[in-house]
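These notes open a run of structures that come right after.
In what follows, chain A forms one complex with chain B and a second complex with chain C.
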Partner chain A sequence: MATIALADAVLEELVAICGEEHVFTGKSALYNRARVPAPFPVHRWDDHIPQAVVLPTSAEQISEVVKLANRHRIPVVPRAGGTGLTDGAVPLRHGILVDVKLMNRILEIDLEDRTVTVQPGINMLKLSEELRPYGFIYPDNPASYPCSLVGGRIGTSGWSLIGARYGHTRDLVISFEIVLPTGEIIRVGDGGGKKVRKSSSGYQLKHLFMGHQGTLGIVTEATLELVKRPEAEFSAFFAYPAYVDAWKATGDLARSGFATLAGVVLFDEKKVEYLRRDDEAYIPQPDSVKSVVAVAMYGQAAEVRPAAKEIMRIGKDSGGTYLGDEISQADWAARHDRYATPLHGRTRSGQVVPMGWHCEDAAIPYSALPQVRERWHAIADGLRERFDMFDDWGMFVYTNGAFKPWGDFLTEIDIGIWEMRWDEESWAAWVDAKREIGRVAVEAGGSLSACHGSCREGEVDLVPLELGGGFEVMKKIKCALDPNNVMNPGKYLLDRAYEEVD
Partner chain B sequence: MATEKTTGAPGNGALTEAFVEEWRNAAYNCFSSGHKFCREVCPVMQVTRDERHTPTAFHANVVAMDKGHLAVEDVAEDYVHCTMCGACELRCPNTLFTGDFYRFRQRTVDLVKAMRALAVAKGVHQKSWKRWADLTDRWGNEPVLGWNVETSQSKVRAWATGLEIPIGGETVLFADCEAAFYRTSVPRAVALILQAAGVEFGLMKEQWCCGGPMWETGYVDVAHKMAEHNMMDWRRTGTKRVICLDPHDYITMVEHYPPLDEGFDEFEIVLAVDLVAELIRDGRLALTTPIDRTVTYHDPCRLNKRMGVHQSPREILRAIPGLTFVDVDHVTQWSYCSGAGGGLPIEKPELTAEISRRRVAKAKELEGVDTLVSACPWSERPLTEQGKTQGIEVYDIFELVAESAGFEV
Partner chain C sequence: MLGFRLAAQKPPDPQRITDDVVMRFEHVYEVDPALMTEHVRQQEMPAWDTHRIVSGRWDHLAWMHDHFADSVISGEELLREIEADG
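Coming up: the complex of A and B.
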């Protein structure tokens, strides 16, 4: 193991803060908290091992750990579900890993003001199970809905599949408590009171402390929206003879103006081809089906039922063929179980091999979707050409705006990777490809990520390009709030802030 | 599917290399996804919240061993944290994706067994499991009454005193260790029910532990010895049909016995809960005494999650007169467990107690429920303990059936 052990005196302090049963230095405890979902550079697993893991049970303990880290100049890395796709939870510079999973209690359900206050280690599916008897849900619904945790959703400012209807994490989290990089515990929201949704008092700190990938602190409590369980739901899948028709239909549906519209998903031609080829669970369709659009609505029956008729009309008027109730209901219901895609992909010769799934995402303006699609597939083709361990699994496009689902779209390309084959050369090529994918997105007037964040090798290099002067402000904020650079160092190129100061 | 040999657990020895070779592809199938849908349904993880105890970690460790980062000594204790309930397998995206089509299932339970066996083979023991295995080997049955109370052959049929059950015959009732020595009301209830329905059956001449817990905790040699003895005993008494009242015995016999014995097909292994449902359905068993209780049913993991058996017990409960049955569907119960499986209560009794406490609390939340009914004797000990403090009585399904058939057990 490449990592140097922490001094005994530091470990003793950690034990004094968190209790002996909540401090770990064993190898399996460390290795299993160094990794995140694929693609994980398994040949470099050794490089990012934390030196100690703590499972705190209170904000005060976390605050003390952070203060200790500042005294000793040891990195602190927060970890919730560890399901993020941009390595936010990977301890790039080793240090103390603060795993918040033990803090998973529901603290208050307020039926009057419609809030639920929770600790950061709770999972959204579990939370919704607990809310069910009251007739409520917490509709922050990413692909990782069954396993990601509220703290990580805030740290990454996540995207929700049904965000067009209910909003994304930033819209569903009303306020939260966070331990700053210097150890102070503060509460941020739109304004002062923890249950206030809209305020114009002071700086809007809630947004600053979301999506920072753990570089600006550790969330210890959050007050969330309590949303009435929808009375009715509707989903429909339409087939199109070409991508361009499906793209036009996606625009029509997204601009339809229905408040109950929860999401529109476009499957491009490569995606349909891939599903037909290798996804045994995908309901078979005739060869004439080249591209598919899925649409879903949630709400009160009085809203959803009449709107559903209009959606069916738009689908048909746009040249779509309704694919039937079976796929419309079952495939939609199974979206989360199926996003990780099958166990296998294919080499160039068509040989089936075990492959993991990776997804590159960006936010792209609607008008630029067709050209981005072509350029992304060309990048994937180039990669596959050079290394017979990558497979292009096609693209999805999703409505991206909260409550206003028109305009820009979460755009994803899924790439299968035969991970047993990783070596330095293929990894470097992959990182280059990711950078190119990101460059196309930025050049198209988009953002490097709508969903995952942009911390991973490759795309992170383009963050200054994307944000321009905003990146300079990020560096200043980072330096001001984290003078010793202990909070998840190495992420988002923020180390540069300290190099410039030196 | 193409496979590939990479580095192969350098320095960890031939046993580890063979283990890694066998599990590498499965481990990568998990590692390459890493989406952890398994985590929040895992009964142990729900309590410890420790990533070392997740099915994902159980697979990732194989990759780490393959790369030479970890050895079995580093992880053996982590693998204690599993009740082998199978929830993770059902919830795994890999299973969900291909399960319907290829009957594929991520084999996490088998992986945990294999890792535990590797640990034992390499001399890495868990103290209480070793003691449990040693005593099982010595006494023939598990030490379910404590380390110092011998569960010997002379007492294995003591529960049947006065029931006049013959030895051997074409059909035998297999009463597992926990039922035969601890919750003796369960085998008595089953025997009375079968007799009342006119099912002819005997008891084994010499019944040893089914061997399941030995496979589960890594003591494979002891397991083989138990299984081979039991099959020999069946042959000695002309037995062709074995009725299992305990799901653990059943799954052991159908999963582990056949590879050991080429002639296994001559035996039929029957699940008592299926048989009793059939007897009621066919009118061979009359349930006439009303039971004035409001019950909910605990889906034992090996029935529900491992074998997909969830209808028979519900059919039985609905046939009991007077009973109010508040059902919680079997899919919701994927994330429920008593904590009693996989040897967990032997090594980590405090974890079993907490898992059971949470399970009983789920029953307590249901309006009017005063009784939790299970169909697995192993689950009933910790559930009963927790039921006492939460005001919920715990019954075995056969105890209720026997009572409704007019027996006192």
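Coming up: the complex of A and C.
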């Protein structure tokens, strides 16, 4: 599908709103904003290229761009860091791409009420660096911590590595300002107060606009929690001789009841096998190391130290072998920055090939983890047998609940993909596999996604199945707030809402 | 000025660690070059460059710990206490 250029008159309007230096139509600006790190049909790159990119500097400019889009019926796609794994920022109908990266200022640090108000283009790592002199941190900690931005975290309702201790994005964002699909600027939170954490007044609109994947507007400002910088960090990695032992230990650790527990991570046998290929922590491990459990804690030293001692006891009593301080501390630190890891996979003959990383995620009840693991690996094996361009890199599961880290787990299977080999047949097989992975999650009583969102090809087909009547409400909300379907059209099957109205 | 010269600081010959992995420096592992012949070729690197990358990684990890907390508690120390407690 060839991209049609925007009319000159529209471009002139965009220039009048954002300034000439903030409107781009050149190839590099457009092509670089067509994809995210998730598997991308590189053989159909043209289908996803925006017609223009704007980098606004204020909510008012964004509002004017959205109003223009409504007048001309042009799609608008918001983009922050572009690090999401469910294609929220990937245009499906071309249009105007609104990149918020220039809106990256801290607007207020309120030490009394413990909030920080920021623009959506700021990154969490940079924000925490700015907060350090005051003794605070902003602990929203995805694998893309050094490169994802606050606006995108709200757009995806992100999951945080240390969410068991500090909460996830939805818990750490107190309120935010959003430009609606028709251009009005409103603020949503718990009730009306910008800095109120809990209200019973009115509908709880913060959650409606959390994880909308750009379909309900563009976030222009957010008020966030200021969290006291931890005095102490503790991480421990335990090895187990079998997955089932590690799974049981994961349950024991997650239910241990320590308030400073920030996360528990389970590596399955396939993951350990993968790491033995080229990870310095796992290559020298004896064959008896089949599965690994990692635990992390943060807080005041007076709380963390005694709790960490109990964690060591639980690890030992559950049959785990402590892998030592060097591995425990280094591997944990590396988990804050997974996007910097250079990736390669193996063909069936064992040859090294450059591969992109795909992480398929779901929220799965603890009790169902072993059977989901088996079914997901079978799906990945089927892909690899048919196409020598997929590589099963194993599974992680992570505690998923905020503040109460038991019950369900963020469950991920990592699949390496030799993207240069994509063609229509392999892409179709991949989309089928994603759909099957999602179906297994829903059948297990889980959710299609704990972390990334669920609006990519394949998995999105199961959203109506997962949400049932809730999906009907989603369509009504979309139609009511975005009558011209300009905000990220095509995402989440929401075009169906307009087809039904017609 | 002369640019890159592998011969200036040639890495030692590799020792085999596993079927897929070799090692030239203590705890610095490499994919077996035999697995990098068809699609990706292994780069030749002088010893100083390998050491620079390894120490850069340790610097990064230390910085990351410091970014999140003032101190890091040792599990090995806690295990010794547990053993002493009986």
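The rule is short, and it goes like this: the second predicted complex is superposed on the first by the 489 of 502 C-alpha atoms of A that agree within 3 Å, B and C clash if a C-alpha of one lies under 4 Å from a C-alpha of the other, contacts with A are read in each partner's own complex, and residues count from 1 in each chain.
One rule holds in what follows: contacts are C-beta pairs under 8 Å (C-beta built on N, C-alpha and C of every residue); 3 or more make two chains touch, one makes a residue touch a chain.
Owing to the predicted nature of the structure, the values given are computational and were not obtained by experimental measurement.
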In the superposed arrangement, which partner chain does A:Asn104 touch: chain B (first), chain C (second), both, or neither? first
Should A:Gly163 be classified as contacting the first partner (chain B), the second (chain C), both, or neither? neither
Touching A:Glu280, do we find chain B (first), chain C (second), both, or neither? both
Using the superposition on chain A described above, determine whether A:Ala330 touches chain B (first), chain C (second), both, or neither. second
Just checking: does A:Gly401 make contact with chain B only, chain C only, both, or neither of them? Give me first, second, both or neither. neither
Report for A:Lys126: first if it touches chain B alone, second if chain C alone, otherwise both or neither. first
For A:Gly217 in the superposed arrangement: first (chain B), second (chain C), both or neither? neither
Which partner does A:Gly350 contact after superposing on A: first (chain B), second (chain C), both, neither? second
Examine A:Pro91 and indicate which partner it touches, taking first as chain B and second as chain C; both and neither are also allowed. neither
On chain A, positions contacted by chain B and by chain C: 125, 280, 334, 337, 344, 351-354
Report the residues of chain B in contact with chain A in the complex, numbered from low to high. 1-2, 4, 6, 24-25, 28-29, 31-37, 39-40, 49-52, 54, 56-57, 60-61, 63-64, 67, 69-70, 74-75, 78, 91, 93-94, 96-98, 100-102
In the complex, the residues of chain C that touch chain A are 17-18, 20-21, 27-29, 31, 35-40, 58, 60-62, 64-65, 67-76, 78-79, 81-82
Across the complex, what residues on chain A touch chain C? 125, 128-129, 137, 229-236, 276-278, 280, 283-284, 298, 301, 304-305, 308-309, 312-313, 316, 322, 324-325, 328-330, 333-334, 336-337, 344, 346-347, 350-354
For chain A, which residues are in contact with chain B within the complex? 1, 26-29, 31-33, 35-40, 42-43, 45-46, 55, 81-83, 99, 101-102, 104, 121, 123, 125-126, 144, 146-147, 279-281, 334, 337-344, 351-357, 417, 419-421
